[in-house]
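In what comes next, chain A is part of two complexes: it sits with chain B in the first one and with chain C in the second one.
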Partner chain A sequence: MKVKVISRNPDEYLRETKLQIHKVQRNYDPNLHPFEAAREYVRALNAVKLEKVFAKPFLGSLDGHRDGVSSIAKHPKRLSLLISGAFDGEVRVWDIPQKTCLRDFVAHDGIVRGIVYTISGDHFITVGDDKTIKTWKSLIPQFGEEEEPVNTILSKTVVSGISHHRKKPIFATSGEVCQLWEETRNEPLRTVEWGVDSLHDITFNPVEGNILASCASDRSIILYDMREKYPLRKVVMKLRTNKLCWNPMEPYIFTTANEDYNLYTFDTRNLKQPTNVHVDHVGAVTYVDYAPTGKEFVSGSYDKTVRIFESEKGHSREIYHTKRMQRLTCVLWSLDNKYIMSGSDEMNIRIWKARASEKLGPLKPRERAALRYSDTLKEKYASHPQIKRIARHRQVPKHIYNAQKELRTIKDKSKKKEANRRAHSKAGEVPYVPERQKHVLKEQQ
Partner chain B sequence: MGKQTVRYFKKDESIENTEEKSPKKDVLTFDVTRVKKKPWGRRVEDRKISKDKKKVKQKSNPNPKFKGKVKVPEELIEKYSKGEGVDSKGIKTSVHRKRIEKKEKNVKFAIEQAAKTEVLLTECSGFLEADSGETTTQFTQKQIVQNVDISAAAKHFDLRLNFGSYRAKYTRNGRHLLIGGRMGHVAAFDWVTKKLHCEMNVMESVHDISWLHIETMFAVAQKSWVYIYDNQGIELHCIKRLNKVSRMEFLPYHFLLASCSDEGYLSWLDISIGQIVGQYNTHLGRLSVLTQNPWNATLCLGHAKGVVSFWSPTAREPLAKMLCHKAPILGIHVDPSGTYMATSASNRELKIWDVRKLDGPVQEYKLIQAANHLNFSQKRMLALGMGNVVEVYRDCCATAAKRAYLRHRFVTPISNFSFCPYEDVLGVGTASGFTSLLVPGSGEPNFDTLEANPFQSKSQRREAEVKSLLEKVQPEMITLDPTAIADVDIPTLRDKVEAKKNLLYLKPPRINYEPRNKAKGKGGTVKIARNKKIVQEEAKKEFVKKKMELMQEDETIESSKPQKPVHVLDRFLPKVKKK
Partner chain C sequence: MSDDSDHFEFSDQELDDKGHDKIVENVLKLNKVQHVKSPHRTEPTTQISEFNLVKSLSGHQNLVHLNELTKVLKGRKKHVEIANKVKSASGRSKTLPKPLEKPQAERIKRTLNYEKSRLQFDRWEALVTSNRAAPQLIFPLDHVEKLKIIEKKAEVYPSTFRLKSDLQKKLEALEPKSEEYHIDIEEKNEFPLTLEELKEKRKEAAKLRAHQSYKEAKARRQNKIKSKKYHRILRREKIKEKLKEFELLQKTNPEEALKKLDDIEKARAEERFSLRHKGTGQWARNKQVRAKYDKESRKVLAQQLSISRELTQKVKPTDSESEDEGIESSNTSSPTSKQADKNNPWVNGIKPDKDVTDFVSGYRKYWNEVNNVSNENNNNSENANNNESKTANIGVTDGKIKKYKIKSDNKEVKKLEKTMQKKIKKNKSKDADTSQSTSDWEISSLQNELRSSIDVEDVFETLENKLNKKLKQKLMKIKTNSKTKKVKKSTTKKTSEKKKCDLSLPSRNKKQVIDEEMSEQTKNTTDDFNGDNNPDLVTLKNILANKEKCDEPVNINPDKFIKVKQTDLNTAIPDILTIDENEEEVNQRNLIMEAFEDDDIATDFDKEKAEEIEKDTPKDIDLNLPGWGSWGGTGIDSSKRKRKRFIIKMPPKMPRRDENKGSLIINEKAQAKIKPLLVSEIPFPFKSVKDYEASIRAPVGSSFVPETAFRRFIEPAVITKMGAIIEPINKSILMGKKIQI
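And now, the complex of A and B:
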């Protein structure tokens, strides 16, 4: 007779001293872990609820401006610095973590139209409504020293926007014409125009440094190549484009903020129609900025909200709003991909988290593992109706809610009308036009 | 340019042409056409790479001594398998196909990893082997106890108690034992260290006892109501809504205390919120045979007509009914994996069923004596209680067992028994007390600390309680197939199609036209009757039109099959009239 009975030595299963952690035995036998799917589902549901509990995106505001914020710029190398310009010509330099103003001075007569840092970040250039382009030192002047620009260029034409080359000491301004400047020279390198009254925004492509894009007041978007004599291409939209931003990861893709409440993502290789239409705003979109990863972008709108879009998706994944925030003039995505800065009409700059429920600060390994696990669960059970509902739900201000409802009825109405027309006319007379083709009038070159 | 996509670094003729025409200005110009750049986008390169990949041949093993990765045995993969997965062939878009394929790959990897952890398990299960000429059945408890080590021998003990027939239950981690005598004696203790938590006499008849989710609380079904006590014997609750309860079962993942009563009621009490989730009259007479299916948390009731019914708190009617025997059912039990169900009836039959398919019987046995009690162990050994004899069978589900693995005879009749989880122990309650028997090889040797830990400390217990409460599965999710929540929701599509089909056979709606009372002289019975007819006709027309449309839709789907090629001379054929 051979016999053996389970007999466990407690020493092998218990910790020796209280200073040690508890011993953990695992056995992954599925019979010992019943209801795997159901329990995972419950965990996913809890995770998605907790995400909502922790969704507190607003971090703080920078107040001090005496007029609406007209433009802001991020430092190319330092995360804590931010410059903002206001409608009264004042420029302020902010320390974001301290939420303090380091420096303030009046830079221009009238509105500050644009601010950019130079490549190294030790100077910044502002343009204003007084037709001047001023270069300032980033260093705070010593006690007793006056705030004076290092260099002032008096442009012959109105200047309404500025963009700096990513690698070369070259910047471009928009206005009546598009001008290219060298940092050390007072005359533009080149001037390009294409029969347009005025350009209100210009942006360098961060990867393909020779490419420039600008938005014109005749509802068009114009592409330039620094090496060519003439502009490359022009796309005319149905309504005006307010702001344009290049995807920092995919050099041929850019997204535009349009007056018709939508954002359009274009592929420069085929400008006939946008590759994506991003809807959700209920007011003119005034500003757009890409995340440094190129996967997402943030947009600010005249409807007093900030929305975050995934660059491949047509609808926003997040909406930020506060009771006091007024119409947005500019939004920026910080270079560490964690924060969003928004400047608005009511003189404040607000700082938000890019992911509303993210925990700031260092994470312990176990915490990180737990968060990752819950993220995976959320993804796995995302299509379950209850989880989907909780994850999608956003409380929006009443005016947004009403506007959304109104827009929906308008859309339904026009759809119905089109369907009626189609039903009562010859087959093929009223064609189906995809949404992407509706908003572009023509492409010129 | 037309439809051709334009790349900036390609030589663009149209731009060149404009250059020639326009007067020259002194502007910096670069001749871009000479700079050879790679085309934008990586598609071309990717295609090239993927082409090259196909050409690469697998090299033969350079070192035949080293055979590479050890393959995980098939049966282990089978054990940890999570089902067959999604077939990617039916997915049309390549993006989604790739996504699904990647997911499947991850699942496969996880299964393999889980199977590989098997080698890390520290303990091995017990066994009892007979020499040639001997059978395991002949070994008595005395002999077994003499041949095992001291700590294991201490697990065999006998409690002589004289408060009627005893019922006994172990906690989920197998550490604590609760016994209740018919005449009111209730005791809870740590049976390994023999430390008593509480002992009392409730001064009423005790019908059943049950641990709740942790060892600090237990429920006792007394003469008329169910009471909940803590581990010091203090009465926490008296649940008067659970009346004349005969048997109780606790569903640990749902925090439900299920009970059946003498009056034919079945009820589920959610002990985390103290509410009754479902209470139904089964209309099946007195209920005294109750067990839970640990795989899907449904309750199995055995009835006097030989029927076994399966219940969930969401449905007033049983989820399923099985006619198992032609005599009253005496005992049911479902094995921990939820695969097999054993039923015994008063006509001395014992049957093993495949409970996942609700199919069977897999095995049929005819016993010498009717088995009043059944219990499966974690390693799928089956204990039968027949009068005052306990028999344990090994490998009796998939194959037919020839003889009992162990047998033990008591002086007094057996009233209840259960295998202790994670131990080779069978606790038997008899009319004269409680006996703990050693059954080598019945328990799972390796426990999972995060699931059920016999060596749990107080702080660990508290943490586990909070965690398990957070993960409480809702009672609505108790169904026959618990994995349904992770499945693709195909039936709804089928339902949609069915619903559409049903629509075609609908009758036109009846319209009860009630005319408004118009001003005098404007109407008249004739007009009203005419209007009524018009309205009804119109509604009918509308309905028929819609129906026809639906029919045509279906037809177009059918007619979209490839048709005969059209010949040039077909135009001279007589035209086929359209319907």
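And now, the complex of A and C:
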């Protein structure tokens, strides 16, 4: 007699080794999954909640300066090195992963206005309030050796900013005039002037290396060509521009940090109005730096917060703040697109994650797939109110909250007033002016 | 003064320089006028200070004029010519215009420079836009080939294995190298391939070869397998696959599926009567085994054979049979025209109607004409034959429609013909005719493209299709009814038949763009961003909410029982309970009618509706407190005006959805709970609710979609390599060739 038994072949459900994934039989017939959208919604909700749970962006601080940090520079070839200058003229070299100071010395009398690495990273150049441009070796001096600059240039004018060319041994300084220097020479290659106002920031275009941009104290942004004797163009804004940064992936785009709490993204080819206005700060924006991918940028502000913007959007996607962080003086995005370094008035340099809830370190394939899946879900259900509420909720310090409230009322008031004026005047007398056109006074040729 | 120093130099040449300088200085000091020294420069500079400038020594007097020079030329005859030339040139020359004012000149230069740099930036436009639109970017961007010179390792490497003797080396040197004789035939191309392209090509070829060899190996391996079981399983799998394909076809293109079904059946029939399977059954085999010893079994086998022979002989169907199967035979082609009759033994018995013959003759005439004119490639007779058979086919399908068909004017036919021809020309290369697609493009089905007399047949096909359309549904019903046992999910299939199966993956480009302020709060603030700040409003809402909650009285609505019509729901549950309900329904109706004889249903319902409406309308809220702001107590009425001030008035009449709907109550608050969870407006890149809903409905999880699709869906927009420095974009990307990553 044959006995029939219900049996399963263990090969179908058992894995051969521990390293393998459990076998799961799936039927993808949509008729069998009537609640797929609902299930994914719940998954998205959980993912967005977990994102908030894991959002711990602060990684650590580098302390040691005895005065506020005035400038920071990142090494062009190494991710772990960082140089910072302080208001008391001290320069420090940091090892970021170890959070230690490798080297410290007084470089200038007065504020260190700017630091840049040379192309190879063997040397770095500092400028200070003492009208000197000093070149230093990146190597730590041997025991008994003194900290001495390799070269010191005594500038005839005040120097307040410095930027290095990405390919050539040429750097530019700003101050009373814009000067172009060759590394081996003590005289500037070229001096370009436009107006008498001093320039407080200068930046080389990382892609089109001949183009330079600088911010002047007469509220203007000036563009230069390294090869030409005369500057290219000038844009006058309503308030002063503090810092300018070129998009590394889109050569004709640059973003400026403005005194009027906003950031403006310009297209070099059309300077009549910014292509985008980035709002959200409640204090003067002091610094801006692009992510190396060119998709995002980070800004530091006088309102004691760091904000991260997506370069095509008007509002920030993230705000970083701590209780003890004071006015931001400089913020940098690391070259591997993972970290943000911020230097502030209260003598500390802070390291943040660029994406607050990102898991650092290598990921296993399945883990990565899971994280990517949850990211996709978050994106897919982004506009659902519950998910949006959780994803965009941030705790901010009271002063920010209050300032925002105040700004909002001011804005509402002016809006209302304009509406009233429009209502009580002839049609067309009070025109609608788009937000983008409000902030540029004129474009000078 | 400088003149003096010159004199000194001329006169006292023998004096040493130092002493000379000293003397000069002393002399100059005598004058007590400060003189500007000529600058000493140790390094090249571009900037020359205005303070360092010295007036030229010679001054205006020592200027050299051209005429003075030409004076010298007067002497000789040869020089006179030159002098004249100079004179004429000086006569013609004009003084240059005064240069522009400095600011103006500078402005012009600046604008020119700017325009130049703008053009430079313009080159990036395309790249930047494409990068912005790209669904995924992988950083660092290493698109561009970095030139590297690599040794030909393949040739050098083997030689390292062996030590060569001196003689060997010498011999080798004598031998001409084989490489030099390599002539690449493909090099003669007009545009020679670049290194990168060549590499790519080689890589592709290698891939192809590898794939090929792999397949070959697999086939060889499979061929070697002798196991019957394996082959059986393989066959079964193949059959299963075919079945699956067929089912899919049934969903997407029922016509085609029907045809295919017929084909399959035909093939099976052919197989069965091919006499190949005569002795393959279990029973037959058993008998065969025994036949050697057993007379009976031999007999039975012989009998069986004779039966089979009988059965496989051609049968002449009778009239009545063909009539019964009229519908089905419409689908399977059964030519019945006069000409075909002679050749065709199957339809010998059938006599076509008069209508049919009329129709056929009319069409034949027409088509003979048409073909004579248009279709030169094909033989007329052939076409005629084709036409006849086709028309006959139509004729059999439905006698009643024939008249209409005959009337169908020539114009229509011509039009159809034209369109079909066009289509064929377009799609000659394509051979796919299923409407299942992996992209958004629709592929129109074209079945007859390969036939010789394409246009004519197509016309007939279309006509036939028109005719068959009505029949098809009936036919399908019949078929499905007969096969309900076989097909498990017949109900679900019915619904899905109409849908077009779109297998294309949704495009990943559409991402919701949310550009909003973050909702930033301090820790102490409560959730007040919902706009619930106004306490009055809160109370109002609470009151309204409370009202909703008050329980509804249980009403028996007899109307429900009577009027409700049974509707067919599209569910996956097989409707097993299909008892003849007519009688029961009637019974129930009578019962209920009896039970509620006294009730006036219509008025009851109206009453109920009015109640419902009244319940839902917001009522004025009286916030009066007795004694508030004035004296209170018995007999004291506060003034009317004061009372009025504390009454929050509601709008008198709110529009309702069921206002003009008669006997219908719509509960508008049923969705109150789910409403805050729903998206209120379409997010940016989407233009219609339909699009957005579709994007939400499409699942991405690995539990709903296959693994490969899942991997594709979850690819992030930006991928960075850990610990890799991302350099700014490089200019070479504009010029360089792309490499495969």
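Convention: the second predicted complex is superposed on the first by the 420 of 445 C-alpha atoms of A that agree within 3 Å, B and C clash if a C-alpha of one lies under 4 Å from a C-alpha of the other, contacts with A are read in each partner's own complex, and residues count from 1 in each chain.
The rule is simple: contacts are C-beta pairs under 8 Å (C-beta built on N, C-alpha and C of every residue); 3 or more make two chains touch, one makes a residue touch a chain.
Keep in mind that what you see is a predicted model, and the values were worked out from it rather than measured.
Undergrad: Under the stated touch criterion, which partner chain does A:230 make contact with: chain B (first), chain C (second), both, or neither?
TA: The answer is both, since A:230 touches chain B and chain C.
Undergrad: Quick one: classify A:337 as touching chain B (first), chain C (second), both or neither.
TA: second
Undergrad: In the superposed arrangement, does A:33 touch chain B (first), chain C (second), both or neither?
TA: The answer is both, since A:33 touches chain B and chain C.
Undergrad: Among the partners chain B and chain C, which is in contact with a greater number of residues of chain A?
TA: C
Undergrad: In the overlay, answer first, second, both or neither for which of chain B and chain C A:386 touches.
TA: It touches chain C, and chain B stays clear.
Undergrad: Touch test for A:426: chain B only (first), chain C only (second), both, or neither?
TA: neither
Undergrad: Taking the superposition as given, does A:268 touch the first partner, chain B, the second, chain C, both, or neither?
TA: both
Undergrad: Report for A:366: first if it touches chain B alone, second if chain C alone, otherwise both or neither.
TA: A:366 contacts neither chain B nor chain C.
Undergrad: A:166 in the overlay: touching chain B, chain C, both, or neither? Say first, second, both or neither.
TA: In the superposed model, A:166 contacts chain C only, not chain B.
Undergrad: Going by the contact rule set out at the top, does A:395 touch chain B (first), chain C (second), both, or neither?
TA: In the superposed model, A:395 contacts chain C only, not chain B.
Undergrad: In the superposed view, which residues of chain A touch chain B and also chain C?
TA: Shared contact residues on chain A: 26, 28, 30-31, 33, 36-37, 39-40, 43, 189-190, 208, 211, 225, 228-230, 232-233, 251-252, 268-269, 384, 445.
Undergrad: For chain C, which residues are in contact with chain A within the complex?
TA: 43-47, 106-107, 109-111, 113-114, 116-118, 120-122, 124, 128, 131-132, 137, 139, 141, 489, 492, 511-525, 572, 676-680, 683, 695-697, 699-706, 710-711, 713-716, 718, 720, 722-731
Undergrad: So in the complex, the part of chain A that touches chain B is made up of which residues?
TA: Going by the criterion above, the answer is residues 1-10, 12-14, 22-43, 46, 189-190, 208, 211, 225, 227-230, 232-233, 251-252, 268-270, 384, 445.
Undergrad: Which residues of chain B touch chain A in the complex?
TA: Touch residues, chain B against chain A: 1, 5-8, 14-15, 18-19, 22, 25, 27-30, 32, 40-41, 79-80, 114, 117, 121-123, 125-131, 134, 139, 143-144, 147-149, 151-152, 155, 253, 294-295, 297, 336-338, 378, 422-424, 438, 440, 443-452, 454-455, 457, 460, 470-474, 477, 482-486.
Undergrad: Chain C touches which residues of chain A in the complex?
TA: Against chain C, chain A makes touches at 26, 28, 30-31, 33, 36-37, 39-40, 43, 76-77, 79, 166, 185-191, 206-208, 210-211, 223, 225, 228-233, 248-253, 268-269, 279-280, 292-295, 312-317, 319, 335-338, 362, 369, 372-373, 375-377, 379-386, 388-389, 392-398, 400-401, 404, 445.
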